[in-house]
Amino acid sequence: MTTRISRDDLAARIAADIAEGSYVNLGIGAPTLVANFLPADQEIILHTENGLLGMGEAPPADRIDPDLINAGKQPVTAQPGAAYFHHADSFAMMRGGHLDVCVLGAFQVSQTGDLANWSTGAPGAIPAVGGAMDLAIGAKQVFVMTDLLTKQGESKLVAECSYPLTGVGCVTRVYTDHAVFDVTEDGFRVRELFGDNTIEGLEELTGLTLQDQTEERQ
Amino acid sequence: MTTRISRDDLAARIAADIAEGSYVNLGIGAPTLVANFLPADQEIILHTENGLLGMGEAPPADRIDPDLINAGKQPVTAQPGAAYFHHADSFAMMRGGHLDVCVLGAFQVSQTGDLANWSTGAPGAIPAVGGAMDLAIGAKQVFVMTDLLTKQGESKLVAECSYPLTGVGCVTRVYTDHAVFDVTEDGFRVRELFGDNTIEGLEELTGLTLQDQTEERQ
Amino acid sequence: MIDKTVASVEDAVAGIEDGSTIMIGGFGRAGQPVELIDALIAHGARDLTIVNNNAGNGDTGLAALLAAGRVRKIICSFPRQSDSWVFDGLYRGGEIELELVPQGNLAERIRAAGAGIGAFFSPTGVGTQLAEGKEEREIDGRRYVLEYPIKADYALISALKGDRWGNLVYRETARNFGPIMATAAATTIVQVDETVELGSLDPENVVTPGIFVDRVVAVGPRRWLKDGAFVGNVDIEGRPLEGANQ
Amino acid sequence: MIDKTVASVEDAVAGIEDGSTIMIGGFGRAGQPVELIDALIAHGARDLTIVNNNAGNGDTGLAALLAAGRVRKIICSFPRQSDSWVFDGLYRGGEIELELVPQGNLAERIRAAGAGIGAFFSPTGVGTQLAEGKEEREIDGRRYVLEYPIKADYALISALKGDRWGNLVYRETARNFGPIMATAAATTIVQVDETVELGSLDPENVVTPGIFVDRVVAVGPRRWLKDGAFVGNVDIEGRPLEGANQ
């Protein structure tokens, strides 16, 4: 029985939902993988909040440019048609709602679309927020890419987040290794099931009442 | 008896008070004349709020460039070392207190430094404010250049402005054809008398009690 | 392939609805998107709210739009000019509504709309008629008034060059309101002298990144430019000098 | 003649007082003014409040300033990184104060200081721990928190080229916080790879106009550049690749 897809398959699944011409910010970590699956024959423009639109792939080792990095501080390139700008302009772009999609990781997503992804709230941990809160509220569609369950088997989809919030009511869709969920006024709706997953099985895993939207889409 | 200096002499007097290296905005109208008297061997950088630092003199007739104008919509040139920017950046520069001096015209200046220069408040007049209110609050020193008296012989220096205000407590110094006045916590202080003017004579013309600061400066 | 270029100014203004709020770039004539305004007049949309620094000059461009009776309200800083007779007549006749905004507050309110700022405290206008009825607050010993964003359905702006992604560069003080208006409108429509190949604008020098731009139309060079170089021989309104070598 | 260039990094940081608030440009290592930071360490000012996106990487630059015990407080968005051991140690030891600000609010608060804005309503952080105790308001159906400007006594930033008026251009994503920090400090100090003749920077492409700049010092090109061209052969920290043709 298959109930989980791989992280690469999940990245590919997300990439397939991003229309040509979209302006997209891929968060640090797993969401960065989505770039590998964007179709080469389509133009999708990547934004990195440290001041670049039209971000390209990583350079070869001898062409690393320390002045040209992404938000994860990894070396990148700039595509023809790129533009550089300063941090206030970059975050104005995000906060002003000009990005079509951003893809973020998550510790938890609540059924009202609250996102927790910046702090576990563990005592003694050093807090660091970066652009997470700006990204969370700053795109027309906020996609979350995450495993459905923690390593301890707890659901990351929750009735209410117990971790410190990144943003309130901001998530539009959650792509997990088990299924894809839309955040709606009625809570999570299952948009697509991967492998042998069932609505009932997911309700058991998450402890939530889920709406079934899978048929409507077929 | 000489009690008034010419407008050109007044412009020259103001120019002499502007230090090399200053960033200066000259308001529309008479203040524009000050540019003619800035010493050619010194670098003083002129700002025009429609998006240029390093504004130069007017071009010859066959070199007028409709894309290169000042705030009065007159043709100008750009000096080596100039920079162009958009309107939000230009007014951020003003509002943020980065200009050293601006020189403005006035209908009235009150002894607490209130400025009225954008509207006579006459019924039926079409209002227009432009950048006047931003300039009034937007430079480290706000100089006013004006005749002391209206054509009707009324003092433009007043206890309290009767015309609609442009800015509150914003004027630092008033250059008139009769004398130069500093705005202080104790009201107007006469800094310099032109021609045969006396403190007493100016008190009579203005109806105000004036402080005498002329000796201190000598 | 992303291609934001459109073939004609008619295509560029297609779909603009009656009742729209439209930002129009330019400071006086500099940077005014005259060709797009002419197309908007021909297009016929009415009951418009216009955001511009001025309220039209002479009988062309924005003044012609006003003269055609298409504008219900104008938000601007400096309507009254020596050549603003069209606006003056409408205003005195009570045929147009005016919201007068200090120029820097106008610019910052437009930027705020594009930057997702809910409102901001500005020191400009404090204690004046133009701040009457507005919330006031003292912060750190200085008085401020609360100003709200101005957003628009459309922006019509003019730039020097653009590529098919909508990246733009401007020319001299014709830049003025273009870059901020582009950020504040749901649909931004740009006339450029010339469209250029993607990749030919230096990414360091792009002033408006394409993310803010929806449609780009090439309208040909200004009369005072030739092959990208300034040749002059015009007056400040861009009319050829008498006897000039045209 | 205006000449903002100074001869050495020592001259550039001269006069910085104990207790100053200092903005330091850079996002991680990109755009970090390492030479100026080294000069600041040698200069000796202490009890500093630092504004930076991060809290130092490795053992050089900002991390070295922290290690030298000069910093009382840091205002930043992302202190914890894989190589932020210097900060981590100080923080856990209670030897440094941290004000954590979402990155976009950090940038906008710096801009607000430079632009004379008294405060602004931001949607970022609403309903989170980082908005606790802050004024909140609903505007047009959306919730916002009120954020105040961050200003500084000094800004230390890094640019690619500058002229004697202080006009600056940057390189790629090393631009980041430089242009806004330059506007928000009483005294802005810039290290550039190279100073250039006045007039050689195209006025259309100047990113920071000289009005925001007080001192400019040339520190020579980055290791990955030669005669203005990118040559590579370094790792992401700018260290030469083994066997690279240096």
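We just call them A, B, C and D in the order they show up, numbering each chain from 1.
Throughout what follows, a contact is a pair of C-beta atoms (placed from the backbone, for glycine too) under 8 Å apart; a residue touches a chain by one contact, two chains touch by 3 or more.
Just so it is clear, the structure is predicted and the values come from calculations on it, not from any experiment.
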For chain B and chain D, chains touching each: C
Of A-C and A-D, pair with higher C-beta contact tally: A-D
Chain B and chain C, separation of their C-alpha mean positions in angstrom: 29
Distance from chain D to chain C - Cα centre to Cα centre, in angstrom: 34
Rounded Å distance between chain A and chain C, as computed from the means of their C-alpha atoms: 36
Per-residue multi-chain contacts in chain B, two or more chains: 52, 78, 84-85, 91-92, 94-95, 138
Chain D: positions in contact with at least two other chains: 108, 111, 115-117, 122-123, 170-172, 204
Chain contact graph, described as a line, ring, star, complete graph or other shape: other
Those chain pairs that satisfy the touch definition: A-C, A-D, B-C, B-D, C-D
List of chain D residues in touch with chain A within their complex: 27-31, 53, 77-81, 87-88, 91-92, 98, 100-105, 107-108, 110-111, 122-130, 143, 170-180, 207, 222, 224, 230, 232-238, 241, 244
Partner chain C, residues of chain A touching it in the complex: 20-21, 23, 43, 45, 47, 52-54, 78, 80-85, 91-99, 138
Contact set on chain C toward chain A in their complex: 1-2, 111, 113-117, 163, 165, 167, 183, 198-199, 201, 203-204, 206, 209-212
Chain D partner contacts - residues on chain C that touch it in the complex: 108, 112, 115-123, 137, 139-140, 142, 144, 148, 169-172, 202-205
In the complex with chain D, residue positions of chain A that touch it: 48-52, 59, 61-69, 73-75, 78, 84-88, 90-92, 94-95, 114, 119, 124, 126-134, 137-138, 164-168
